[in-house]
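The first chain written gets the first letter, and so on, giving A, B, C and D; residue counts start at 1 in each chain.
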Amino acid sequence: NDITHEEALKIILEAKKEAEETDVLVNIAVVDAGANLKAFIRMDESFLGSIDVAIKKAKTARYFNIDTGKLGELTQPGGIIYNIEHSNGGLITFPGGIPIKNKEGKIIGAIGVSGGTIEQDRAIAITGAKAIID
Amino acid sequence: NDITHEEALKIILEAKKEAEETDVLVNIAVVDAGANLKAFIRMDESFLGSIDVAIKKAKTARYFNIDTGKLGELTQPGGIIYNIEHSNGGLITFPGGIPIKNKEGKIIGAIGVSGGTIEQDRAIAITGAKAIID
Amino acid sequence: NDITHEEALKIILEAKKEAEETDVLVNIAVVDAGANLKAFIRMDESFLGSIDVAIKKAKTARYFNIDTGKLGELTQPGGIIYNIEHSNGGLITFPGGIPIKNKEGKIIGAIGVSGGTIEQDRAIAITGAKAIID
Amino acid sequence: NDITHEEALKIILEAKKEAEETDVLVNIAVVDAGANLKAFIRMDESFLGSIDVAIKKAKTARYFNIDTGKLGELTQPGGIIYNIEHSNGGLITFPGGIPIKNKEGKIIGAIGVSGGTIEQDRAIAITGAKAIID
């Protein structure tokens, strides 16, 4: 129940294709079931700062099996887990990180996308995550 | 006036039993009077991100001898110790960390629980902390 | 193919028993197949500095599926991988870390022991690792 | 004069192909001219500890425009730059990191490979680096 490198590569390439078609410059990271980096690509001219953001989005999504955007709702001031972002070497709590599931619905890794708007990042991440199911 | 490893083990096992009986998947950490890790267990399938959160909850509870949930009230924007979470390598300021006292009421360590809702984490932490008094 | 928390607990307790019978004060850490902390105990009066050493021994053993003592032979000045210890947040390259295998011989985690001599640490780690096979 | 993501991808895939044909399980990282991560893949069952080693090999090769194996000769005790490995968040000073040049001989990035023997890692890195020239 762990993502394979062929699956990770397929996800990266599908997400990159989606980014190219929608004219967004992103960094795309895939982590495995253990939240360890499995595959990564940074598109030319994308933000340098997005390397770490993309990787942290993927890790955050797997650390808590959650869409990072949903985590953001809980970590606002006054939110029930405000400040959790200071754990695990720094979490990213806005959209762009999505758990990756296999056909049986089991979480086998996660994808993180950074470089566009949060809506664009999330859409590209979802496209990537779906690439191994369709 | 320091927790023993036998006490720490008893606390971990009682907290785990409570978690199993209430169907919650958690990470449980116990630190000693010096806020150093004394015992730890991660239940199967619990969040990977909760390893660090559980340990930080326990350390935070002992660093300031406080229920981490109460610390959260003071660290909101505008709060009197806003941003203290950036100290000590990162604090956790929501429920789930509880000081451990001996029968005389002296604090001898702390427990941190992470993986369920904040109410569940706190309830399990309290059960664990009480295990060496009852 | 990942260690369970019951297995990790059994390993910790067997290793601790061995340490008590041989009058050694140690820290014992178990990591899972993803090199994430699974269980830990620090014996009373053992070295404070051994908390981190025990955890790093376990992680190192799983990072490279190796007895940490063997890694040490390769990382001496002039050795073929001298300086690898600067990777992964710091490796420990002397005895006391051992991969944990299941009955089929598959590596499912690792144990790290620190606090005694390197011979004692290694012997206790081996006893712990064997606890789930016998 | 910077590597493109298409070139980085080609390098990763050629290096992976070489690794598969020679039955070696490796992690492969490519950094750009700015020593920032450009592309990465971890083969299934390769060492977890090699993620960081591969990335550090690539960064080290670009930081000093050098075959990491040659750097190792200079960093032994008594060597002219002994202890340089403590800079830049940790350098790797054994074979497996190679600068990537374009057809004009200009360095545009670097590749790092980890998981096999140092000879295998270096051979795979060279194959990868050459993929955009041939």
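In this text, a contact is a pair of C-beta atoms (placed from the backbone, for glycine too) under 8 Å apart; a residue touches a chain by one contact, two chains touch by 3 or more.
Only a predicted model underlies this, so the values are computations on that prediction, with no experimental measurement involved.
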Separation of chain A from chain D, taking each centre as the mean of its C-alpha atoms, in whole Å: 25
Interchain centroid distance [CA atoms averaged], chain C/chain D, Å: 29
Gap in Å, rounded to a whole number, between the CA centres of chain D and chain B: 42
Two or more partner chains touched - positions in chain D: 48
Category of the chain touch graph - line, ring, star, complete, other: other
Touching chain combinations (by label order): A-B, A-C, A-D, B-C, C-D
Chain B to chain C touching residues, read off their complex: 2, 4-5, 8-9, 16, 32, 34, 36-44, 48, 51
Of chain D, residues touching chain C in the complex: 47-50, 52-53, 56, 72, 75-77, 85-86, 90-94, 117-118
Chain C-touching residues of chain A, taken from the complex the two chains share: 32-36
Chain D partner contacts - residues on chain C that touch it in the complex: 34-35, 60, 62-65, 77-78, 80-84, 86-89, 91
